[in-house]
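Labels run A, B, C and D following the written order; every chain starts at residue 1.
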Amino acid sequence: MARKTGRQFFANPGPTNIPDSILRAMDRPTIDFMDGEFAELFNTAVGGLKRVLRTTGDVFIYTASGHGSWEATLVNLFSPGDLVLVVETGWFSEGWAAMAAKFGLRTKTVAAPDWRRGVEYAAITAALKETPEAKGVLCVHNETATGMMLDLPSVRAAIDSAGSDALLLVDTISSLGSLEFRFDDWGIDAAVGGSQKGLMLPTGCSFTAVSAKAMKVHASSTMARHYFDWSEMTKRSFRAFMGTIPTGMFYGLAESVRLIELEGLDGVITRHHRLAEGVRRAVRTWSGNVGGPELFCLSPDRLSDSVTAIKFPEGFNSDAVRKTALEKFNVSTGGGLGKLGGQVMRIGHLGDLNEPMILGTLGAVEMSLKINGVPHGRGGVDAAMEYLAEAA
Amino acid sequence: MARKTGRQFFANPGPTNIPDSILRAMDRPTIDFMDGEFAELFNTAVGGLKRVLRTTGDVFIYTASGHGSWEATLVNLFSPGDLVLVVETGWFSEGWAAMAAKFGLRTKTVAAPDWRRGVEYAAITAALKETPEAKGVLCVHNETATGMMLDLPSVRAAIDSAGSDALLLVDTISSLGSLEFRFDDWGIDAAVGGSQKGLMLPTGCSFTAVSAKAMKVHASSTMARHYFDWSEMTKRSFRAFMGTIPTGMFYGLAESVRLIELEGLDGVITRHHRLAEGVRRAVRTWSGNVGGPELFCLSPDRLSDSVTAIKFPEGFNSDAVRKTALEKFNVSTGGGLGKLGGQVMRIGHLGDLNEPMILGTLGAVEMSLKINGVPHGRGGVDAAMEYLAEAA
Amino acid sequence: MARKTGRQFFANPGPTNIPDSILRAMDRPTIDFMDGEFAELFNTAVGGLKRVLRTTGDVFIYTASGHGSWEATLVNLFSPGDLVLVVETGWFSEGWAAMAAKFGLRTKTVAAPDWRRGVEYAAITAALKETPEAKGVLCVHNETATGMMLDLPSVRAAIDSAGSDALLLVDTISSLGSLEFRFDDWGIDAAVGGSQKGLMLPTGCSFTAVSAKAMKVHASSTMARHYFDWSEMTKRSFRAFMGTIPTGMFYGLAESVRLIELEGLDGVITRHHRLAEGVRRAVRTWSGNVGGPELFCLSPDRLSDSVTAIKFPEGFNSDAVRKTALEKFNVSTGGGLGKLGGQVMRIGHLGDLNEPMILGTLGAVEMSLKINGVPHGRGGVDAAMEYLAEAA
Amino acid sequence: MARKTGRQFFANPGPTNIPDSILRAMDRPTIDFMDGEFAELFNTAVGGLKRVLRTTGDVFIYTASGHGSWEATLVNLFSPGDLVLVVETGWFSEGWAAMAAKFGLRTKTVAAPDWRRGVEYAAITAALKETPEAKGVLCVHNETATGMMLDLPSVRAAIDSAGSDALLLVDTISSLGSLEFRFDDWGIDAAVGGSQKGLMLPTGCSFTAVSAKAMKVHASSTMARHYFDWSEMTKRSFRAFMGTIPTGMFYGLAESVRLIELEGLDGVITRHHRLAEGVRRAVRTWSGNVGGPELFCLSPDRLSDSVTAIKFPEGFNSDAVRKTALEKFNVSTGGGLGKLGGQVMRIGHLGDLNEPMILGTLGAVEMSLKINGVPHGRGGVDAAMEYLAEAA
């Protein structure tokens, strides 16, 4: 295989770039996880994770990818036949709903007219009033497939104003450590997260933060489970039921938290917003008045700061452009998921990033548009630079 | 915390020492796993894993620890109410049986009079004749808790001579890549394995090899499942349902297979036997005729070549000796699990090991026996050296 | 110190970006360098280095930086009082001449009217005719301080047409592995190189390739020397007099050669030209007709493909812009050396690079020009993209 | 090449085992060494090095191996024709004397009757009285070739009692960071050290600590020099004349000092003594009364705590035993240097070591003695364990 020189610009919305200091922290020999040194590290790492989640409650950790954490959260909180409300935002919310159905839950969906628009919060209230027996509301904070966010305090308010007792379950996989998220303050009941996005770790661990209210509900759940069983985990010293612990991941997590807190969690969030806006300036320039690629999201208050989905004009395949970017310029972007395949390119801008990394990515995409003959307004990178120079 | 100098001698029976070249292979930036480079690597790595398993059949891989693979294997092959026969060999076989019960399976156990003796293979035949409805036989090839092996061809024969159709499920977690194991030749139906033992990788991946017969049975299983669902996985390009793929693990696996095949799988097995025998010579010398620590296993044909369990004399706590070895000499050994706590020390000798590593471990243990006033015959290390010099 | 996020864009003309696979190859435990494994590696690595040098002759390697290699080459080839001709190209040629003087050599310089213009090759011939006793001609293939190259075949021809026997000594530190260089074909007598530029290794090793003619001259050199003595080295098995061998460097070198040959040496050279031209397009756009920063080099046939020196307009300090690029955008560029301090910015574009890395660097520089109020034509990055998209 | 499993036990007296945390600290991308972050690191690292040297004076650092530091120290302190007194202790003191001669120094040697005995300190006084014009005394603190130490305060006293002004130059390459060494308190004038021994770093840097008195003498030295010139270095911001700085080495050095100070410099010295004594107990047992291998050093007050040289009985080749240890057991030991070739095996026990590493090494050597039929008293490892258990 021919050599691609230089660093791959990894602008997929996840996994994300892993800082060298995290990779090195994880590159270490096997140690005895029953030794005091590991216990200290574990507590440091998990304590840090809670600060990033902004919770003082329980967090259960799994040797699993994000899908495992989804499943864990469902099987610990519900019983077969329970009804859950799903806030449809795209491919990932669909997936979670499908999983719930597999475990015998009944699902009801609230959705916008199409994926390019955000669900009205009032629709959540309305749906809950219709089905007061709903036990949970499932939503995705940041839908990686469409580059759209939910305002979680608004979701919370929507549930409250329906007078519902339903638990609020949130997938924070592509928002945690990138966008503002406050587990305790916002009244979240269960937050699903993974290692490989804003925490800048390799894939391999996922987790659920759980509210006191949710822990009470858990006690009466009758779902069969073992690998993901929170009750089993609370009996264990490391409060994580994984059999053998992936110790390296916790060395990585401790370093991740150190990096995040060195920059400051607020600083991290501000930087993500700044870089995201740079990307959006470029995309808007490409749209121009020539029918070029445009922002997929049509609800301005839902634009994601961790991933931007770009809708391609009819007749042009986003995957062809992605292929050029990857093969000619060593820049990896995300494609359209599910029914958006070929229509959408997604640029991830979360994790360990800076301005020149964004500009390099945008430059490669702009060159690939040109090479593929996709109509577009010129000067996207210029527009991003204009904004980023000012914002610096 | 005070600095422990030098390398920790990691003689726990798992996880095991990770060779530097595997750590380095895994220490790499995030790459696009949809890129052709990763697909090539994935196929190389999984192809190698199959050669180590000695199978040409299906292997399903999970982002999970070994417990996840146990669960995956149960939920894909059985339906609630099914009866499975459990061959009791120690703490891990107990654990698997308990898990089966959680998922609504009925379990029946065949056991030896106590854990220090091996189950008679004829007892398996007898039990299956009594319960011809049994759908599976669960057994642990190498019971890490007691340092005892099963002869799997004898188990296969025992099932066959009962005229039973039950699937043979085997936990190979602490045997694969260390002891002889032949999936296809021995008529295994499902083999559960993990990354962190004989494959010399970090904890984080586990897998099940599945026979054609088992795949047929899978089709009629009614257990609720998603994260571990083989049917879902077969639809995916990487034939592993994990959401985001832990790419680093496959770089590690490819290197692991390279190392194993450089030595030769037979060479690996021979070396494990040689080093294990060295350890046993030392233990037998410690036993002496002074009532010193002795081999836990009383059935000579069941002695494990990957882990040796050592029973301590009454009145002496194995954990005190382990603590000395760890704190004074930076040597980590395993303790007694479950009801064997405090009575047993386990020396793992699997994975990336050589003679001086074994001698250093035995030396630290012998010094720790002395420091703790545990009666023992002197010259254990000498006896190991005597044997290992000759065997070299 | 505040955290700079993302990767530092290292666009200094040296050292250069080290590919991850080289870093990992070097990250390994100490091994016995008298063992056969190392001997094999050493030969592989040095064999590869010779192919990169395009020589079949002798190469002597030092644990030293490039300055050590300069010194080694002088003390092995000359005797106190010898006259050497120095082709002045900038700060580095000056440095080498000053070093020669310290060791008692007499130096004579040929220069262009100023550093922005290339020396006429005919001037070399003329100078040698005036001083037929000259024993050597010292020149720098690629002057890192000014971003200007020499055409070495023209230098060789200039020496020959003077009928001179002088040895041709060339500093290839910032050209080898980036620009075309042919030791044997071009009649070079001694080539000085270092690990940390086109070979993409850390600083720490340097070397001299030596022609048969030069080896003969070496035999009569009377300079005191030991650490760098080629005669001592030829007695040693590893033909490199360094006392203890820095083994890691050879693991790195073997990987470096593997990467270079995977791309192909010609491919490496072509890529350097392409990326360099992209940088020049940007600089020419910045110059515009507004008196912006401009290419330092005024002789078009001397433009370097591994480093571009940019002259700032009067009244604007290049170091202020460099500071902005480093502190706000984590992009490191080179400053003016010696008398060019504050007047020049140097962008290194050698080693392990690709298009988006170049665009990210140019983008950060363009934003920094803007932030510092340096007059410049807009659209430098655009111009680079225009070219690079076409050249891709 | 067949795979050697497990870690290589590196018991050569140098280079030494590099702790993983040092390797990882060095495994990092190129950074801008003119950036403030590096300056801070450099100062931290060099400050720590001075504490290890126990000096508050000047330290000059070279990108060079130990031989470079020897040369640097000579060419900065003397002028052609100067007389230096050499305290002969073995192969390395011979080498340094030979180097001095190459640079035009006159050398005079004081020696014991043979290398197995230590030089009388009174002989140094006597020699200096005979040659009051001597400008320097060259000695090797710990002669790696013979495993013998000098008591430096006694050397200092010997010089003082001769009323000599000669500078005291000491090679601390295999003692610094392992044996007690106090530059300021002991009145040393120049101490030569390297990265790859007690500092546990890769080969690649060496240095000289210099007293105020020596700096004055330096001012009048007329030796030609450049790469190693202290006067040039004092002009530079990093006070180290190396051209490009090997930045990775300073990340490693900072980590090395951190590890040393975590254990405590006194703790490091005590541990080296303890492990060395364990090795000596083994060797004395091998000697037995059967004419087995014995301690090379016959002067008990000169036994080195960082390396043990073992003399083999007539008719038995030490290299054959070393070959067995390396090939069969992956243990690397040192051979006899110069005229001791084939007669001596050297076990290095300096740097990052612990008890099981020593026992594993001794075990491999004892097995190799047996395999090669070398007569020896059995139970060497046992004797080491007896001592180490008590000393723990």
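Methods note: contacts are C-beta pairs under 8 Å (C-beta built on N, C-alpha and C of every residue); 3 or more make two chains touch, one makes a residue touch a chain.
In this text, all values refer to a predicted model and were calculated from it rather than measured experimentally.
Note: the chain lying farthest from chain C is B, by mean C-alpha position. If each chain is reduced to the centroid of its CA atoms, chain B and chain D end up 45 Å from each other. Chain A and chain B have Cα centroids lying 35 Å from one another.
With each centre defined as the average position of its C-alpha atoms, the distance from chain A to chain D rounds to 54 Å. Residue positions 7, 17, 20, 24, 27-29 of chain B each touch two or more of the other chains. Taken chain by chain, the contacts link every pair, so each chain touches all the others.
Residues of chain C touching chain B in their complex: 20-21, 24-25, 27-29.
Touching chain D in their complex are the following residues of chain C: 1, 7-8, 10, 12, 14-18, 23-24, 26-32, 34-37, 40, 62-68, 70-71, 80, 99, 102-104, 194, 196, 202-204, 223-227, 229, 241-249, 326, 332, 335. Considering their complex, residues 2-7, 9, 17, 20, 27, 259, 262-263, 271, 328-331, 352-361, 363-364, 366-367, 370-371, 378-379, 381-382, 385, 388-389, 392 of chain C touch chain A.
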